[in-house]
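Note that the chains take the letters A, B, C and D in the order they are written out, and that residue 1 is the start of every chain.
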Amino acid sequence: MVSISPSVLAQLEGQVIELPSWAFGNSGTRFKVFGTPGTPRTIQEKISDAAQVHQVTGLSPKVALHIPWDKVEDYSALREFAGDKGLALGTVNSNTFQDDAYKFGSLTHLDPKVRQMAIDHHFDCIDIMHATGSADLKIWLADGTNYPGQGDIRGRQDRLAESLAAIYARLGENQRLVLEYKFFEPAFYHTDVPDWGTSYAQVAALGDKAMVCLDTGHHAPGTNIEFIVAQLLRLGKLGSFDFNSRFYADDDLIVGAADPFQLFRILYEVIRGGGYGPDSTVAFMLDQCHNVEEKIPGQIRSVLNVQEMTARALSVDRTALTAAQEAGDVLGANGIMMDAFYSDVRTDLAAWRESRGLPADPMKAFAASGYQAKIAADRVGGTQAGWGA
Amino acid sequence: MVSISPSVLAQLEGQVIELPSWAFGNSGTRFKVFGTPGTPRTIQEKISDAAQVHQVTGLSPKVALHIPWDKVEDYSALREFAGDKGLALGTVNSNTFQDDAYKFGSLTHLDPKVRQMAIDHHFDCIDIMHATGSADLKIWLADGTNYPGQGDIRGRQDRLAESLAAIYARLGENQRLVLEYKFFEPAFYHTDVPDWGTSYAQVAALGDKAMVCLDTGHHAPGTNIEFIVAQLLRLGKLGSFDFNSRFYADDDLIVGAADPFQLFRILYEVIRGGGYGPDSTVAFMLDQCHNVEEKIPGQIRSVLNVQEMTARALSVDRTALTAAQEAGDVLGANGIMMDAFYSDVRTDLAAWRESRGLPADPMKAFAASGYQAKIAADRVGGTQAGWGA
Amino acid sequence: MVSISPSVLAQLEGQVIELPSWAFGNSGTRFKVFGTPGTPRTIQEKISDAAQVHQVTGLSPKVALHIPWDKVEDYSALREFAGDKGLALGTVNSNTFQDDAYKFGSLTHLDPKVRQMAIDHHFDCIDIMHATGSADLKIWLADGTNYPGQGDIRGRQDRLAESLAAIYARLGENQRLVLEYKFFEPAFYHTDVPDWGTSYAQVAALGDKAMVCLDTGHHAPGTNIEFIVAQLLRLGKLGSFDFNSRFYADDDLIVGAADPFQLFRILYEVIRGGGYGPDSTVAFMLDQCHNVEEKIPGQIRSVLNVQEMTARALSVDRTALTAAQEAGDVLGANGIMMDAFYSDVRTDLAAWRESRGLPADPMKAFAASGYQAKIAADRVGGTQAGWGA
Amino acid sequence: MVSISPSVLAQLEGQVIELPSWAFGNSGTRFKVFGTPGTPRTIQEKISDAAQVHQVTGLSPKVALHIPWDKVEDYSALREFAGDKGLALGTVNSNTFQDDAYKFGSLTHLDPKVRQMAIDHHFDCIDIMHATGSADLKIWLADGTNYPGQGDIRGRQDRLAESLAAIYARLGENQRLVLEYKFFEPAFYHTDVPDWGTSYAQVAALGDKAMVCLDTGHHAPGTNIEFIVAQLLRLGKLGSFDFNSRFYADDDLIVGAADPFQLFRILYEVIRGGGYGPDSTVAFMLDQCHNVEEKIPGQIRSVLNVQEMTARALSVDRTALTAAQEAGDVLGANGIMMDAFYSDVRTDLAAWRESRGLPADPMKAFAASGYQAKIAADRVGGTQAGWGA
């Protein structure tokens, strides 16, 4: 029906969707983690897989690291390795949930020694960022409690503020701290950063280099996520996205898979609020678990979903929309949004992709490349990467 | 088992739970509003009913007004009328959801004339507050949209900030503005103040006299409300409570009826965070709908529920709790909370009530008073009060 | 990209989406019901409005009645009136929630006199059905309680079974009883038919002419509705749909507005399970509230949404899908579904519509017809229809 | 205030709450499983720990097994071992979620070979039941899909019915099959037995020896679980409970910890519906994860919670309740429920416990026993038991 306008295509140039290194390793639920032939054993193999995604989509020139899962001796060498594959190293994700010391908290722990241990881990991450050239330190905390009374909610919040201040003070000139929030899991009574309000209040107290990270799967049922996007952009505190999708909890499914219309509305508010394009510092990243589907194609599908939906969201006729809103024309205004959402941008994007030297159908191109068969044959022995140190 | 300690009883002295005038009128759902014999027709009759609640409980010396539902010619006379009944007039609640002009918003409306009309209504409320001696102006907004695209989420938020600033500037020396948030209803796609984060960000931008109002029924399923209490107290922005309870949405049932343990946890965090007692400015208020139960007994039951649960929450052995937390004794810490929760404070409270010249059993005392039969006989003709202007 | 195949177009022939008479009257929330110029005052005016929807879409040759809202002296005359407008009278909806007698229940009430009154009302509805030629008696119960202990859950269930049996026994040869379930509202502690399991258990005990009615807005957050569709079709008990959409609770928004992908999945399972087409007895109906949007266009938009999504769901390549499922190709199988969902069927449908003598753009055609202006001018005085007797 | 009546105490005699063997092993979330000193390495050590719970509470003479986690060579010997510790072996739980073959389903799998493998596993379980003297085979299925299209919902349901029929046919005279349902997890798009309705429809098709198992953590947010209890008892199909509690999803916390009032209401409906006492076949079982708290005390706390709440539920004055319901006295009826709930039964239960030769305070008695220190010292080396084969 509608074809994508040249101006929209121009805005799609330069879109970057960062890939998480751990999406290429195994993941699962508390019940079972399934392995698959070809799963990488090292961060180098993860980077090689990520390079495949970028090669067929042109959308993902960056890979995020998770420390300690991706620990290496020489981060400059790793940066070079990635560079040779056409990739930069992106966000560094800290981990304070897999050491026995953190059973009752990390940055919020009652014991100053444990807190310092967790702070030191973030100092290490910052050191790594200097070596890798990463700009963002992402903090997602598993801190929380399972039973009323187990911890002192208020005291933990105060200690969190202190710990974050210590980490913040260590940031380099061009480095940022992004603080993720999560409704629940792995803690089941309270989490120490459960909602955007808490993340916002904490980073606002830190300073300009501290921002909120919004993971699309970390909200209560029914939450209007695009409202949060609009609000955080308004407050100047939207730092980055962890994209994925969910039907129930933090399902970590492929972005756009569970509720494509929600993804459309989120991207519309990102654009509306100035969070998209060369002048924005909002980072787009995936954070997903390919428990039952193939991992590399899963990542390809994901970045394409974001690109296609960005094209739709950019196509909203905002002049007409404003006019309909001013006229109190509810159905007309809604219709303008739906027109963009229902437009099938795929043919135009395929042609545009080809015009830029990329395959029209990246999924098919990867399948035809033989890469999957090759790694399945090559990667024998060793320990498949997963969510373990 | 445990008897209430004298120190806890001392802290119960002076507890005030404000009653909403509208709780004595009819309410219901979109499907049906049931009337009952004796329902008040005027604000004076509502105040008379409220006086009954205070008379048997000693807990509710204040009645909140809702404008325009409780509009009168002479507010000084109303204040005197209430005074004669032993009551003060409390929070003034504005209403920007029942005029046809507000179909697409009030303080957030695109049309500056409608916004000014809504602002003017709040100016009127402030004038009334001067006459009634009320300290708090409570703003709950029905503003929002039903369909994506119907309104511009971001622009509405900016206009809300401007409108609130105009109202804030009009506040007297000792007056406060409390901004309520609500997850959904009557708007179904987005509400303009959906969560504590939004209310907090808006009131923080206004100044010290602007605070957040927490209605216990206005959250997403599964939300940890006591966390929000702890956080708002920490940020110095918890202004007041609208107490009620819910199983599903904003059911407006009797406080403590749906999840008594949640009420206990909320009150514990109030106390823990300094939100209770003579030095606190946090206002306790009910906001409920007695759709199928008797209204005056419904209010009596409600204030007793809050008092009983406050007694339990005050009884938590916080020294022992801290020790258990420091020892990492999860079950011990939780057990200390549960001990207080499971303590049956009712016998002790009955005796204490009697010692202060109040009936041991307020529910029975009211039933025996004959008041209900009297108003059923007297209040014939006229229009029963409800949620209408 | 994909154009609609002739076989799909053929299957779209004869699709019927019944309109609810009350969608043309005013509706709202407990906070406010907005009126609009041109709102019908009588069932005849509602039918006239419904005829407009059918005229521009060819999709809605039936109007459902709600008794007593649509009570008339002479139902044969009403049937004729509708026939003259090109419409048949459809489902008769009973109402046991607006009489004071039903405050504590209707078919479940403890008092046999109240139960009989409710049963008699259904007998009246059956009589009306004979006159109108309606096939389905739809029962949605507001029965339930607000507080634990208020009623005896188990006893109410037993009485419900008895009452339904009495009604069932009165059904004519070609009449059906469809029993709707609803998670909550207007009751807030328990509802007597809260889930499909209860409705199924009750209708299974009645016999072949009793079926389940699935209202898409009547489920707990996160419920997989298409699973219920598949299950009820498997059990031979899916009688009819009440289509609408929701973000939070029973929002009653335009079908497909809140989660278009969910509507797609629901229609896919309908088709997959044999619930679509000339051999199926599953009735498609709307049940919506146009609180803030225009009513006739709201209905036009709704039936078009169902038609467009049916076209997409019919377009799923089921042979390829089965092959992908058999191969364990998760992304491939999901991709086949998404291909159909993302196909823009609107151009093809517009052409097909024109080929059948209908306007290509029904929304525009209605706007251009001048009907709205005419009824706004004509329908002056009287009482606008709404949710009242 | 109220003391427990002799008749209630008499009804508490003989209460049995079965313990799950796996509650004594390690468990956690997908993020981390914490180990603790003294965790059992074998089923014998698990049984020894379970015996401690029964020793101090007199409530848990049965231990449930999970196959293959608790596989041994000689089940008669295991039965004898348990008998020596004063315990019987209870429900046998099958496991079809940890074999790579089950990635896309077990009893629902498209491949008949995989289905047969899963059926055979249940045959093995039945064989074990004969040796252990167990009456119930519990089936909880992880079967489901993560993405729309991944599987054929309808076909899977049909295959499930076939597989269950094969298993059912193998049951011995006095053996039962109980089918558990679960809203979500580990599958995130659809689960094959998501709700009580599905479990009911499936077991009703099997016959009298097939029943529903209700796990209190397996429902959508806001679900009224006691309604389901009442309904299943009414339909004669409530087989057993898996008790635990949750704030968000399937948190598997200690029963009664998250919402004690809900547990009260559930137990009230159990009693009301005839599901409690010597004439009932409803089995009470725990199914919990002690991720951060001590395991043996966690189980002691759990069975005490069930016992205390049963005492409260048995104490409801049902004659007065019925009278209040008949009088339409909403607050009176609710007050009768709350009176029982708020009664502090703990002192009376402690005395009663002592009168039966049990410790007044089982938690303290276990702590004083030195058992925990002993197993921490003894159980060195080996592999701590957890959720693995």
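Of note:
Definition applied: a contact is a pair of C-beta atoms (placed from the backbone, for glycine too) under 8 Å apart; a residue touches a chain by one contact, two chains touch by 3 or more.
Since the model is a prediction, treat every value here as computed from it, not as a measurement.
Common neighbours of subunit A and subunit D under the contact rule above are B, C. In this structure, the chain pairs A-B and A-C differ in their number of contacting C-beta pairs, and the larger number is found at A-B. Taking each chain's centre as the average of its CA atoms, subunit B and subunit C sit 38 Å apart. Here the spacing of subunit A and subunit C, counted between their Cα centres, is 40 Å.
Within subunit C, contacts with two or more other chains are made by residues 103-104, 146-148, 150, 183-184, 189, 221-222, 224, 247-248, 257-258, 261, 292-293, 330-331, 334-335.
Contact residues on subunit D toward subunit C in their complex (touch as defined above): 103-104, 110, 146-154, 157-158, 183-184, 189-190, 194-198, 200-201, 219-224, 226-228, 230-231, 233-235, 261, 265, 269, 272-273, 321-322, 324-326, 328, 330-331, 333-338. Of all the residues in subunit C, the ones that touch subunit A in their complex are 1, 221-222, 224, 247-248, 257-262, 292-294, 297-298, 301, 308, 330-331, 334-335, 341-344, 346-347, 363. Residues 27-32, 34-35, 97-98, 100, 103-104, 142, 145-148, 150, 183-186, 188-189, 221, 246-249, 251, 253-254, 257-258, 291-293, 387 of subunit C are the ones touching subunit B in the complex.
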